Each structure stands twice: as structure tokens, then as C-alpha cells.
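In the two complexes below, chain A is the common chain; its partner is chain B in one and chain C in the other.
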Partner chain A sequence: MKVAFPCFGYETISLKNFVENLGAQVCLPPPLTEKTLSLGTKYSPELICLPFKITLGNLIEGLRAGADTLFMAAGARKCRFGYYHYIQETILRQVGNGHKFYPISQYTPFEFFFRKMPSIFSVSPVRVITATYLLLQHSALIERFRNYIRKARILDFNKSRAQEKHALELLEHAKKLSQIRKTKEAIDKLFDKTKIIPDNTIKIGLVGEIYIMLEPFANHDIEKELGKMGVWVWNQRSLYRHLKHLLHIDHLGIKYKFQASPYLKDSPGGEAINTVGEARSFIKNGADGIIHIYPFTCMPENIAFEALQKMSDDYSVPLLSLSIDEHTSQTGLLTRLEAFVDLLKRRKMITQKPKIQNSKIKT
Partner chain B sequence: MDAYLGIDVGSISTKGVVITKNNHVIAQAYLRTQGKPVQAIKELIKNLQMQTNNTKIIGAGTTGSARRLAGVMIGADVVKNEIIAHALASSYFHPDVKTIIEIGGQDSKIILLRDGIPIDFAMNNVCAAGTGSFLEHQATRLGIPIEQFGNYALQAKTGVTIAGRCTVFAESDMVHKAQLGISTEDIIRGLCDAIVRNYLNTVAKGKNIQPLILFQGGVAANIGVKTAFERALNEQVILPEHFLVMGAIGAAILAQEYVSENKTTKFAGFRTADIKFITKAFECKDCPNSCEVIETFREGQIIDRYGDRCGKWSENT
Partner chain C sequence: MKIGIPRALFYFRYGRFWQQFFNHLGIETVVSPKTNKDLLDIGLKKVSSEICLPIKIVCGHLEWLKDKVDTIFLPRIVELNHGLYSCPKMIGIVDIARMQVGNQCQILSPKIKNNFIFAHFLLGLNLTKNPYKARKALNKALPYLNNHKTNVFDNHKPKILLLSHFYNLEDDFIGQDIKAAFIENGFAITTKEVLDQTILNSANGFAKNIQWIYERELYNAFHYNLTKVDGVCDIISFGCGPDSLVGEIMNQHANQNKVPFLQLIIDEHTSKTGLVTRIEAFSEIIKRKTYTTDLHK
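And then the complex of A and B:
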């Protein structure tokens, strides 16, 4: 059995190790490129959201690379993501031949551990549970690494490139629990924790749709670009949290739901409620600006956008909204990011001055 | 006399100014980019040089969508995005400005300022409906010089509703209205209204538009759109004196800021106009990302490279 699944940011490594821990061979599709996207666009409905096109293109590439079993995440929540796998399955049946397609996270935890996974991989439920535990550990490590690299980029951008490369190599080989533990120590050592981020660093909270937020190809590497400009990016989304959500143990989700409540009482679907909740908690923690990034025509995020606009007015924190589709140009995106960061810098310069004057008057 | 140079290279037009220390404009030029930015920048430089004989440029800045290329070519001290450039220039000439409406050749933006500081902005995201190039296309189609386009709108007796959400549909709608026998003037006024409606509903959506409102960029030359804005907002809309070259002025002001801090300039001089520049692109084959790398050569020597994701090309220039 050769397994393929769409790339998903750094988290691809966690998923790859998970499948390998279940004893199957991973036939990883090539990294996401313009070719993936044009392949996906060719077979997709025209106005479907960008993640659909990218993942479909990547699955087709996986098939062409020789995979016979395809996995795709699937959501049963109130947005188009819930229908991804039905359409993709139909399209893939026309493109490929004789492969199997499994919409993975659509199953309940019980089905997942005891019925589906054991039968797909012909292993015992115990092995599935162990592999899932390791997946959680590994994705937690990725989350840790993401947080480190965000800081490292501000401190020394060129050095962070080497650190990133090195850390990803380490993560690739962390399969067993002992290896994961060792990798954790190694990554802790790799990033210098003694250096503190200067107080006047611009802090931007990144919120939006999970796939666009975590896959650098989809978001034109927004985090790296912001890091290059010396911005500390706050991003609370990760595969780790998403997995915990699926297992009903995501306590952060409850926190953000509470945070979102003045603006959005009930979830309109997708991750809108997380988007709004995270944005509010970022603002409360002192973020200088919020960047909202989502696929063009995304229903839940468009609703979240309205709430975010009101929030940005109420707290007078600037909001940059970026809707991404396959026509989004890198240059246009960079212009907006650059302008946004400049605006925040100029704002910060002005708002900080009166404070200093005030304190002088007091003393 | 010491002066500062600012260049704004947009999709449709290339603008340049030379300003004094007190931000007084002593020379300005506006010409069409015509898809050849290198040529346009050279011509612009020549033009500005002729206007300013005994001045010495001690700082230069570039902005606009081709700011990077322009910056490399003339040796700019500052390469900045249009938003900051426009905000700076506007708040200098009109210190109480609170809203800037800027519609250019292919993008439109709104900038909100409070006490002279830009606090929020928005740019058209997925669609370029209702920007200058569309207006120009319609003017050509109707056989009206673009400079006269706005006056036609003013002569209209009533406006008709034109679907302004998408330029293609707007055009079909205009054709349809014309075939019903509605006069060109009324249709043009309808088009101006549609552009304003589209702008307010997409770019300026949810933004708190307060007076003083400035209108700049190429489309501001169109009196029809200006009056349509005034009708829709119920506020006076002001055209700054140098509304066409505000971005370039902003770039020059930024250059001035830079030079007063750093005391040196990288400006290559007016001889840029005679130097040969070539830009090439190639696809890097070293990894599956296959990035398109853009290279700029000055007289056969590489001066700039960008477009790679890993940084191995852009770092080695």
C-alpha cells in the first residue's frame, strides 16, 4: 500500500511519520508548486475555495507519483470543507484508476480508532492509538518549533533559515517516542532562549482559515515575509490544536469561543469563531495589528470579517484583510504587507511618545 | 540648489517630481508607462533633468508597483509602497486630511489618517473593476478622449444605472443601454456613479469616511467621478494641487527624511537615462519549487535579483 495525502505546511512531516508508524509506505507528492495549483484548478469547480484546488492538485500529483491509497482531511462542519471529499472523490475517480480514497477526519473517534483505521492499515486498534498518540506528540513539537522560528526570524533572519532547515531535518527523523523526546531537547538547544525580543517589536496576530494560515505555499509565505520585516507573528493555529479539537480535548477552543462571544455568539461554520476569538485575545495581549487571511469566497471567514471590522473599530487596532485565490500576486500581497507594517510602525512611534512625556511629568 | 527626486512608476503612468527642502515642487513630469517601465523611467529622468538645470539632487525615492526596478535603476535611497507615500504627501499639503481616496490605473485604495498619521488603509483585493484602465478602455470604445470623459458626465441630464461590480458586465450593460437609445452623456454619468458605488462597497467597505476628503491618482482627473463621489458621500471632495504626482512627492519626502538621517545618498545621477538596462527572467531548476527569478543588468552587470523563495539568488547580488 502506497499512501499519499496533500501537503499541509510543516505538519506534513507529522502526518508522514504517523502513516509510517502504521506500517504503510508514504508516497509523498512533490512539494506544492504552481504546477500543483494549475493541475488542481483544471479539475476543480471554478469558484471553489483555494484549499480545495491545492489539495486536489496535490492528490493528483500523488497518484501520478504512484500512490494507490489517498487520504484527505474532511470536516463535517458547516462549510464547504464538509463537501470537499465527496467532490474530490468523484473527480479523482475520473483522473485516477483503481485507487482508494478515505476522507479521514470525518469519522468519530470511536470509528477512527476501532473500525476504520485498523481495517485500512490491517493493524490492531492499539497500534492506531499508539500512532495517534505519537502524532499528537510530534505535532506538538512542530507547534513548539513554529513558535521558536517566529522569534528567531526577528532576531537574525539569515540565521533562522539555517535553523529552520536543521530543525526540519531533525523532525523528519523523530518517529518513536524516544526520538521525539530527543528531538525536543535538540530543538530547544538549537534556538537561543536567552535573547529577548525587544519591546518595540511590531506584533501582528495572524488569524483566518487554517489551511491558508499554515501552508506557506497557499499564503505566499506570509510569516517569513513578515519575519523578514522584523515583525513578531502570533499564530495560534496548528495541526496539534486541530487534532485536539477532533478528539474533543481542545481547551483553547473553548477559551476562544468565550472571547468571540461579544462579536459572534454562535459558530457560523468553519473556523470563524476561532478567528474572531483569537483576534480578540491577541488584541487584549497587546497585538499592534491583525492580519486576516482566508480563501476568496470562504463563507465563514467572510462572516468573521464583518465581526473583525467591528472589533478593529472598537479597540482601534488596524486590520488587514487578505482574501487569497489562485490569481493572487506575490507582489500585490507584499505591497499590502509592507504598507501595513509601515503603518503600524508609524502609529507605534506616535502613540509611544505621549506615554514617555506623561511619565516625565509625573516624576 | 539642493533638491530631492521622487519617482512613482505605476501600471499605466510614470510620475516624477523634484522638490526643494521645503517640499516645494520645482519640476514635475507625467507620462505613460506603456508597458515599458525601463523606457518610461529613462524618459522621465531626461524630462526632469531638462526642467531642473542648476539643481543638485541629494536624495531620491521611488514608489509605485515598479518601485523596485526604478529604485535599482536610479539608485534610490528609499523604496517605499504607495500607501505611505500618498499619506505623507497628502498630510503635508493638507494637514487636516482624514480620508484619502486614491484610484490609479489598476488599483484603488482608501487611506484613513488621524492627526496626520495613517491609521488604516484598504486596497482593492481580488478585482480591479472601476480603475483607470477600465475608464480609459471605455473612453476609447466610445471615441472620446479620456481628458474629456468627465465633462460628458457633467452634461448628463439624468443618470442611468450601470452594473459596476465587474468591468466586463459593466461594458455589456453600457452597450445594452446605448442600444436602448440612451445618450452617451447619461451612460457616462451612470458609469461614474457605478465606479463610485463599487469603490464604496468594496474598497471602502466599513471604513469611517470623514472630511477632509482628498481625491488623487489618475482617475481624480475625471471630474465626473469626483462629482459622483460628492453626490454619494454628501461631502466636499478636494482635489489636491498635485493630485497626479502625490505618490512621487511622498517618495521625495521620504528620501529627504532618509538623507537628513543618514547624510549620504545612493542616487546614481541623471546619467541613468543613457545607461542600458536589461531585465531577464529564468526558472530556477534546483528544487521542485521552480521559482521564477528576475534579474536586472546594468550594462551587462547584475545589479539585482529577486523572486526566489530560498534566497540563494537574491542574497548573492
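And then the complex of A and C:
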């Protein structure tokens, strides 16, 4: 069995190790490129949101790379994501042949642990549970690494590249619990914790739709670009948190729901409530600006967009909304980012000199 | 107290019920006028251009109502009939409305989550503080919940199924031109609103996978009519998430069954002439097809 699934940023490594822990071979599609996107766009319905197109292209490339078993997340509630697989399955059947396609529902943990995964991989439920535990640990590690690398980029961008490469290699080999523990120490050592971020660094809170935020190809590597400009990016989204949310142990989610409540009283689905809650708590912690990134016509984020506009007025913190589709050009995006960062720098200079009481925030 | 109800979105399904309900509670209601260009233009300024047309229209209506009443009624319908959700924008519109009207008026939005009738009872109780009155008003209003229209089919004309949300087709601003164009081309029109709720909500076949209330209705209506009509026209707003998916699924199924399928995508820039031309071309296809199949018989 050669397994392929859509890439999910750095978190792909966690998922890959998870599948390997279940005893299957992973046949990852080649890294995401423009080709993936145009392949996905070619077969997709016109009006669908961007993650559909990228994941579809990704799965097709996986098939071409020799995979015979495809996985896709499923589980429908209020948003489109849970329905992707119905259409993708039909399309993939036309493109490939003889492969298996398994949609994995996110909201039925019992079935996941005791029926679906054991029967697909022919392993015992205990092994699935252990593997999931390891997946949680590993994704926590990835989250840790991503927090480090964001800081490392501001301190020394060129050095951070080497560090990133090194860390990813370590992470790839962390499969068992003991290895994960060792890797954690190694990564802690790799990134010098003693160095602190200078006070006048520009801080930007990044919020938005989870796939776009986590997949560097989809967001045109926005975190790295901002890091290059010397911006400290705050980002609270990760696979680790999402998994915890699915297992109902995500305490941060409750916090953000509370933070979002003046703007959104109820979750419209997707990640909107997190987007709004995170943005508000970033602002309260002193972020200089907020960047909202989401796929074009994304429904929950469109609602969040309105809330963020209002929030940006209320707290007078600049907001940059980036709606991404397959026509978004890297250069155009960079120009907008640069202009935004310039604006923040100018504002910071003005507010810093007289030291006015900018910490008082009205609600 | 005067309660304003926007003549948009849910109004086209539950509007008569709400009006009766509030009147029996002894509360005056004001319904915004029919959608027109001016209302839409106001709405356009209020929300991002990416949002679907129906939501932009609601925002226009809200703006009209906000200086005429002190309370606007806009329920938050999250889930109906267990496991059937409404679309994210229908849930979020309440928050958008609250931010839009600000302190000028209050938004009355009972949260409806599998308790449509009980939520209204609570609302009545809250407004009148009198359980008997609330119950009586509810009972009086309930018959208005199912507004059935009977379908008059002219058997000689080719039949077309117009598939769209009720707030698109029944809002004359959006639906009238399309309906008129089909009638002009000699079609008899049917929509999902004439079908029985048991058909619309049935969870048989593929429909059970669809967990959006109104999308399931669309799919069921499509499925029910597939063998009964000569063509299907699916009207979706640009930026509509659920329709972009379910529309595609229906398109695939229609192709498999060789039923002509037209997808019209509408937004605020859609011109009448453009629509009419596309409908004409589509009519030609259907007519040619029925003609050739008649020959084969």
C-alpha cells in the first residue's frame, strides 16, 4: 500500500510519520508548484475555493507519483471543506484508475479509532490510538519549531535557513516517542533561546483560514517574506491545535471564542471565530498590525472580514486583508506586504516618540 | 415597539408566519419595501464585494429599516431538524447586521438550533411576558408556515425546473427577469417551492450526505424532477459556497442522465440582456433535443 494525502505545510511531516507508524508506506506527491495548482484548477469546478484546487492537484500528482491509496479529510458541518471529497472522488476516478480513495471524517473519533483506520491499515485499534498520540506529540513539536523559526528569521535571516533545514531533517526522523523527546531537546538547543527580540520590532498577527495559513505554497510563503522584512509574525494556528480541537481538548479555542464574542456571538462555521478571537487577543497583546489571509469567496472568512474591519476601526490597528485565488501574483502580494510594513513602521515611529498611552484599549 | 422585518433572505420562506405571529402578539411590524436598485446600491457599500448577492441585499434592507424602527428581527438559524445546518453567511449575517446598525437599533435574533417553534414561543414570552398570549399567537401563526403554491403545468409546453434558493427566485428583483425569459421562450416553469416538505427534506440517496438545509432541498427537488422535466436551470450567486459545490454535483448527475443543465451565475453586475441571450440559447438546445427524441419514438 502506497499512501498519498494532500500536503499541509510543515505539518505534512507529522502526518507522514503518522501513516508510517501505522505500517504503511508513504508516497508523497512532489512539492507544490504552479503546476500542481494549474492541474487542480483544470479539473475543478469554477467557483470553488482555493484549497479544493490545490488539494486536488496534489492528489493527482500523488497518483502520478505511484500512490495507490489516497486520503482526504472529510466531515461536513457548515462549510464546504467536508464536501470536497465527493467531487474529488469523481474527478480522481476519471484521472486515475484502480486506486482507493478514503475520505476520513473529522468528527467521528470513535469510528476513526475503532473501525475505519484499523480496517484500512489492518492494525489493532490500540495501534491507531498510539499512533494518534504520537501524531499529537509530533505536531506539538512542529508548532514549537515554527515558533522558534519565526524569531530566528528576524535575528538572522540567512542563518535561519540553515537552521530550518537542519530542524526539518531532525523532525523527519522523529517517529517513536523517545525520538520525539530527543528531537525536542535538539531543537531547543539549535535555536538559541537566550537571544531576545528587540523591543522596536514590528509585530504582525496573522489570522485567517487554516489551510492557507499553514501551507506556505498557498500563502506565497508570507511568513518567510515578512521575516525577511524583519517582522515578527504571530500565528496561533497549527495542526496541533486543530487536532486538539477535534478531540475537544483545545482550551485556546475557548479563550478565542470569548475574545471574539463582542464581534461574533456565534460561530458561523469554519475558522471565523478563531480568526476574530485571535486577532483581538493579538491586538490586546500589542500587535502593530493584523494580516487576514483567506481564499477568495471563503464563506466564514468573509464574515470574519466584516468583524475585523470593525475591530480595526475600534482599536485603530491597521488591517491588511489578502484574499487569495489562483490568479494571485507573488509580486503583487509582496508589494502590498511591503507597503503595509512601511505603514506600520511609520506609525510606530510616531507613537513611540512621545510615549502616549496607547495601551488603553476601549472595548 | 415597532419591529422591522427585512424583505429579504428568510422572509421569503417564513415572512408571513412572522408577520402573523407578531401581529397576534400585538406588536406592529414594518416590512421593508421590495428590493430595488437603490436598496442594493446601499447594501453594496456596506459589505465586501466578495460576499454573495443575497447578503448584500439584506444589508440594503437593514439600512432602510434602521431609522424607521427601533428593533429589527433577524433570527439566527443555525441548525434545523438535527444535523441540517444553514450556510455560514446566514449565521454570520446577524453579527454583520449588529455591527452595521450599531446603537441605532436593536437586533432581535433568537438563536434557532433544532427548536424552531420553541424558540419562537420563548421570543413571544420574552416580548409579552405572558405565556398564554405567546402560545395563542404561535398557534394562530403556525398555519402560515407552509405556504404551498400549486403547480399549474401546461402539458403541451416543455417543462423547465428552476433551481435556486427561495430568496433568489421569489425576490422579483432577481427572479422575475429569469422567469419571464423562460416563459417567453415557451416553457412551463416549476420550482422547488411547490414540492412537499417530506420530499424536500428526504434523506434518501445522495441527499443524506448534504448537511445544509436548503441545499438538501435543492438536491431533492432536482432528483425528484430529473425524469419529469426537459431541462434544469440552476441559478447561483457568485460567491455562494454551498451552491458552487452542490451545483457541481447536480451538474454531474444531470450529465450522466443526459438532461440539459444550465448554470446561471448572478451578481450585482448581471445584465438582463446577457441572461436572456443565455436562456434563449439554452431553450434552443432543449427544443432540438425534444424534437429529435420525438422523431425516434
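Following the convention adopted for this analysis, the second predicted complex is superposed on the first by the 351 of 363 C-alpha atoms of A that agree within 3 Å, B and C clash if a C-alpha of one lies under 4 Å from a C-alpha of the other, contacts with A are read in each partner's own complex, and residues count from 1 in each chain.
In the analysis below, a contact is a pair of C-beta atoms (placed from the backbone, for glycine too) under 8 Å apart; a residue touches a chain by one contact, two chains touch by 3 or more.
Because the structure is a prediction, the values reported are computed rather than measured.
Partners chain B and chain C, brought together by superposition on chain A, fit side by side with no clash.
By the touch criterion defined above, A:31 lies against chain B but remains apart from chain C after alignment on the C-alpha atoms of chain A. In the superposition on chain A, contact of A:296 is made with both chain B and chain C. Of the two partner chains, chain C is the only one touched by A:307; chain B is not. Legend: residue contacts after superposition of the two complexes on their common chain; A:87 is shown touching chain C, with no touch to chain B.
Annotation: apex chain A, arms to chain B and chain C, angle 80° (C-alpha centres, rounded to a multiple of 10).
When both complexes are overlaid on chain A, the residue A:346 reaches chain B alone and has no touch with chain C. Once the two complexes are laid over each other on the shared chain, residue contacts for A:323 go to chain B and to chain C alike.
With both structures placed on the common chain, the touch criterion links A:48 to chain C but leaves chain B unconnected.
Closest CA pair between chain B and chain C after superposition: 5 Å apart.
Taken together, the two structures place residues 296, 306, 323 of chain A in contact with chain B in one case and with chain C in the other.
Those residues of chain A whose C-beta lies close enough to touch chain B in the complex are 30-31, 33-35, 158, 161, 221, 296, 306, 309, 312-313, 316, 318-319, 321-323, 325, 327-328, 331-332, 335-336, 338-340, 342-343, 346-347, 350. The touching residues of chain A, counted against chain C in their complex, run 45-49, 76-80, 82-83, 86-87, 90, 263-270, 272, 296-300, 302-303, 305-307, 310, 323. Within the complex formed with chain A, the residues of chain B that make contact are 65, 80-84, 107, 115, 117-123, 125-126, 206, 208, 287-290, 309-311, 315. Chain C contributes residues 47-48, 50-51, 76, 78, 85-89, 91-96, 98-99, 111, 209-212, 236, 238-249, 252, 265 to its touches with chain A in the complex.
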